[in-house]
Amino acid sequence: METIISIKPLLAVLVSLFVIPVLISSSGKPNVRESWIFVAGTIKLILVLSMLPVILEGKQIALTLFEIAPGAAIAFRVDGLGMLFAIVAASLYIVTSVYSIGYMRGLNEHGQTRFVSFFALAISATIGAAFSANLLTLYLFYEILSLATYPLVAHHQDEKSRASGRRYLTFILGTSIGLVLPAMMYCYHVTGTLEFSTAGIFAGQLSKPAATVLLLMFVFGFAKAGIMPFHSWLPAAMVAPTPVSALLHAVAVVKVGVFSIVRVMTGIFGVELLSTYNLGVMVMTIASVTILVGSCIALSQDELKRRLAYSTISQLSYIIFGVALLSPQGLLGGVIHIAMHAFGKITLFFCAGAIYVATGKKYISQMSGLGKKMPFTFAAFFIGALGVIGLPPTGGFYSKWNLILGTLEAQQTIFMIVLLVSSFLNAFYFLPIVYKGFFGKSEDEEGDTPVKIKEANLCLVIPLVITAIISIVLFFYPTVFVNLIKVGLAL
Amino acid sequence: MKLLGFIVVCLTGALLLYGTGEFPDWGDPHSPASLHLSNYYIEKAVEETQVPNLVTAVLADYRGFDTMFETAVIFCAGLACFLLLRDFQEKKERFYRHTPTGIILHVKDAKKTLTVGREFEHMDKEWVPSDLIIKTVCRILIPFIQIFALYVVAHGDFSPGGGFQGGVIFGSSLILLAISYDLKTLVRRVKEKVLGIFAAVGVLIYVGIAAICMPMGGNFLDYSKLAPLIPGDPHHIRALGMLGVEIGVGIAVMAVMAIIYINIVSEGRHDEGL
Amino acid sequence: MTDLLALIVAKYNYWLYVILMMIGLYAMIAKTNLIKKLVGMNIFQTAIILFYVSIGYKTNATIPIIKNAHDAHGAVIHAADYINPLPHVLMLTAIVVSVATFGVAMALAVRIYQRYQTLEEDELRMRLSEE
Amino acid sequence: MDNYPALIVVTPLLAALFAGLAAWIEERLSYPIALFGLAVSVFSAFKVLMQVIDSGTIHYRLAGWAPPMGIEYRIDLLNAMVLLLISSIAFLNLVASFKSVDQETNDRAGSFFTIYLLFVTGLLGVTATGDLFNLYVLIEITSLTSYAMVALGDRDRGPIASLNYVFIGVIGASFYLLGVGYLYMQTGSLNMVDVANILQGHQGSSTVLVAFILCMIGIWIKMALFPMHVWLPNAYSYSPVAFSRVVAPLMTKVMVYVMIRLMITVFGFDYIFVTLHLSEAVVWLSTIAILAGGVMALAQKNLKKMLTYIIVCEIGYMVGGAWMGNQLGMTGAILHILNDALMTFALFLAVGNMVYKINKVDLIDLKGLFGKMPWTMAGFVLAAFSIIGVPPTCGFFSKWYLILGALEKGAYHFAVALIISSLICAVLFFKVFEICFFEPMSHGHGESHGPVAIEEAPVSMLIISGLVSLSLIIVGLYSGTIVNTVILPFLK
């Protein structure tokens, strides 16, 4: 496969780092500060997109920065998967920063400069993780991301956020140091390299038990993917301001976790090894448990953001599930769900935030009838819900469809049932909200006098409309992402 | 603690004795210790350094670098004592004794300055009757001690002795002065500042001589390169160099001995003590 | 037994230094009075000095000062006639070091006494705990 | 024939003497003198390192006598690196501590700088020398100066801590001296290389064994390897900040260096690992040291104390790595000498800034420090991450090599201990961060937060701590280069 040496990936990572000093220096002047964020975000997106055609031609872009030890360097390599993830993250970053302006100013939060700075740092780390060429680099950015998001989760600096921040770190840092690091060291000790390669790095040097243990260490170690029982940081992290929950805990952070697991399964172990040792089923089982349990818990949540969080937990496992199918359809469906779910779920979070800013309501039970007040928001919410459930006309349908095909392809009928059941559960915990929103009676309205529309401010509404539209568009034109995955995984 | 200590001690002792098991008998002239280097020193040192006292030769030349740092250690000790103990605030109270009558004035506050006649003596808290015999003997003795100290320093190349020994002897003469009279006398005779500067200068002489060798084109401490600077037989240049450093060592040691003594006996107040 | 005695007799200097060393070390570890500890420290260091000096000794040899060095240049010097100068040199240094350490330790003891009016470790510990 | 090797050590000594004179004549002069001396030392250390990298080991004959008759400086890649490390850290700290010295040592600044310089001289000499007895003398200089310094710190506890330090330190040094005596008895020489050559014949001798044990115990006591660490926490946490900033990073590391030097140059690997094979026992000991250090650190209420226990824990890393008996472990140990010195320095610089402002660093005093001194805290956070071992800070990469060494040897307990200790460090530091970040509590939403008044330490201190903290990342990223240019060639 042809490889081009280019500094673009590095720039794409660093651009929002470079802007941080500017942000801090211009902390007094919010408008200047936000405009800088946009400049950085746009440049980042342009850089990422500028690499797209090359990747689609089946080439790769590589850049090695520091050779730490033979076979373990800090290096970037852009391939289809990374590209897919990077596009999603970078594009949604811009949308989110519009949204966060509206949100933060709407609630006049404190420490906005700190907030945006760490936000930029986090997105840099995400892009870095997407572009990393080996496990060491991936681990590096994974850790940076964990630490960069801590101040965001604990933003409110009160007792509640302190507790959840502590839980966040305990799970994320504990697992990454306690499980991933040893597993990685062992891999390096055995093979002498950490480079991702579709063939995997263990050339038959690994016995089945060892492989099983290693794989488990990785799957549970990347706790950002929210595999149960290492999931409970995610609901806790919902104390963070909504933009954080939206971008980081629906897209960047959690997807980095999933992405890392995908990388490890496809790049470190390699599909052949996994299928020969028949480890896919094991992972699938773990994933299905998370899918079902997550959905069930989501049903019982009344706080909207927590319900979304549990839905996220179960949706993330779809991706791992799909990859663990180890069949082309399954891989395709799983990986593309990264994008589809991202757009769907971020829409939902945006809506939750918009409702909170406009009406100060957090709980689903209070939201009946709000749909008449905020039709755009609830329409978007509906579309997002469809996307997450996986019904046409949304991109979610595409991934869900491929997943089911994958299960058939791999003759895993039981697991197909799991998918169907969970889809029903999703429908159960999302559609009632929409229904009550539109047709339910809100407590503060008497009779059926037409209530006048009272949306949140534009900065909040426009982004969620955009993302909703995109997730519909993705139903009709998923080709780019599909091709990326095809070149990335050489399907 | 006692028991633990006892066990540790016994273990250490056993270890050390076990180590001595393979030692050659005491005084065995063929033990490795007394063959390898020592023979070289004994046979070569005189013609290489012109110094018959091998200890001095090895001390100040072959291993002169050690000795330099050991002088630095002394200097450091003096400085440490000064830093730890010296406090400059005046003492609360003063005592004067009217010599003829033996009446004692007790001045309570230090601020008050009173001019006393000749028959008043400024004394310590307890008055020790100044003993004529001791004073006289010491007055006679001290100069001789000091001369002897100088001799020990200067003659270190040819007979037992050297900078440290001489310095210590000289210092002891000062201490004798303090004991036989009282601390005030010593502090009045030898200013603290002088001692401090001496201590530094002494080491400085050593390091200086050693350092000059570098611009003269030799290695650090290589006395043989000093020949152009010093008139006289270039054969003896090393001997002269050693004499120089020994003098430096002597000065430093003398000063530091005095500093340590004064600071410790007077708890750093430099007024009264042994 | 006899050969053990012979061993001890042949190397009694080492036995002596070890015993001295043990006394010093025990005092340093087990005594509670700081001054006693200091004394133990000195005994310890003196023991080591004795050890070194006894290394340097050679039977029927004299102090390492070459007799009539200057007028008899040609005369060959027999290494066996003079004892080993090196240990003495080292010990001069070691003595100085121990003196310096002792001085500093004394100064510290004085400071402690000024502050707490005691040199007993257990009393010090009490004073510290009640503060 | 250039004299840089001698200059590295001698200039600080000369500067110390002149500073001591100046303290009596014109006190204000002694600071610039000290600064100049250390600057020269740094420069020559740099030159020497470059020279060694280019043209191999330097042999410098002091007094011009060929070894083993005279004392020689034998500077290879290892001690060239350590020399540069020591001199630059000492220099930077001196720059940073101009203000804090005035604050802490009442009108004794001149003498303080003199002692400081003597201490640095001792460390440099220990590192540079190739002679066993010279090593002892210089160790004693460092110890003597640190005794004095420790006592100068906390007026109440300082002297007691210092006196305990004296007793234990003297025992350690005397053990080492005895070991040298036994070696001399066996070989009749004091020069390291010469001794090593003569020892080839006497592998089995009980004398050599005892000598080895004595030297190692002596050095371990000096480096505060658990359970011989009891003196360190008090001594370091009661000493003046300006001094603990330099003693905490350097003293123990230099002692580790001495241990490695003795192991490699004097006794030789195959004597230690083949003839005696003590490796297992010592690796276990260091494992215990790591865990014990971490646990004791958890129990501390005072930031400075906590950090000192972390030092105890880090000693375990290096000793374990060095005794792993394989190249990876030794690489990790040597790399960690460099990294740990830097991280500890960065930590204590930050602590120094805090002490300068709030002059008590019990954990409860640190409330709201992120708002009060953000730049200091930034440095502190970076250094803490490096201790925890977060990439790309340098702490991660030395840990990397250490773990690899452990895996290669099959000493899994050591690897596990490393992982656990990084977790413990994470807990420790985030405990501190939480106090600094959350307290004093704000109520619910942040509106009540007024902008906190920023009162930072002097700029000189800030710049230094910022630089050092950044250097952590840079050194980390270039650790591959360091390993390839310095450590591996040395171990070959």
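Read from first to last, the chains carry the letters A, B, C and D; within each, the first residue is number 1.
As a working rule, a residue touches a chain if its C-beta (ideal position, glycine included) is under 8 Å from a C-beta of that chain, and two chains touch if they have at least 3 such contacts.
Just so we're clear, the structure is a prediction, and the values are computed from it rather than from any experiment.
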For this session: Between B-D and C-D, flag the pair that has more C-beta pairs in contact.
Result: B-D
Problem set entry | For chain A paired with chain B, centre-to-centre distance based on mean C-alpha positions, whole Å | 76
Exercise. Distance from the CA centroid of chain B to that of chain D, rounded to the nearest Å?
Worked result: 32
Problem set entry | Distance between the centres, which are taken as Cα means, of chain D and chain C, whole angstrom | 30
For this session: Measure off the straight-line distance from the CA centroid of chain A to the CA centroid of chain D, and report it in whole Å.
Result: 44
Problem set entry | Touching two or more other chains - residue numbers and ranges from chain B | 16, 20, 23, 31, 33-34, 37-38, 41, 63, 66, 70, 73, 76-77, 80, 84
Exercise. In chain A, which residues are in touch with two or more of the other chains?
Worked result: none
Exercise. Among the residues of chain D, which are close enough to touch at least two other chains?
Worked result: 133, 137, 140, 144, 147-148, 151, 159, 178, 184-185, 190
For this session: Report the complete set of touching chain pairs.
Result: A-D, B-C, B-D, C-D
For this session: Flag every residue of chain C that touches chain D in the complex, lowest number first.
Result: 25, 28, 34, 37, 41, 44-45, 48, 51-52, 55, 86-87, 90, 93-94, 97, 100-101, 104-105, 107-109, 111-112, 115, 124, 128, 131
Seminar exercise, completed: Per the touch rule, the chain D residues reaching chain A in their complex are 385, 388-392, 397, 400-401, 403-404, 407-408, 415, 419, 422-423, 426, 430, 434, 437-438, 441-447, 449, 477-481, 483
Seminar exercise, completed: Contacts from chain C onto chain B in the complex sit at residues 10-15, 18-19, 21-22, 25-26, 29-30, 54-59, 61, 63-67, 69-70, 73, 77, 79-80, 82-90, 92-93, 96-97, 99-101, 103-104, 106-108, 110-111, 114
Exercise. Which of the residues in chain D come into contact with chain C in the complex?
Worked result: 133, 137, 140, 143-144, 147-148, 151, 155-157, 159-160, 162-163, 166-167, 170-171, 174, 177-178, 181, 184-185, 190
Exercise. In their complex, what parts of chain B are in touch with chain C?
Worked result: 1-2, 4-6, 8-10, 12-13, 16-17, 20, 23, 25-29, 31, 33-34, 37-39, 41-43, 45-47, 50, 52-55, 57-59, 63, 66-67, 70, 73-74, 76-78, 80-81, 84-85, 158-160, 162, 164, 260, 263-264, 267-268
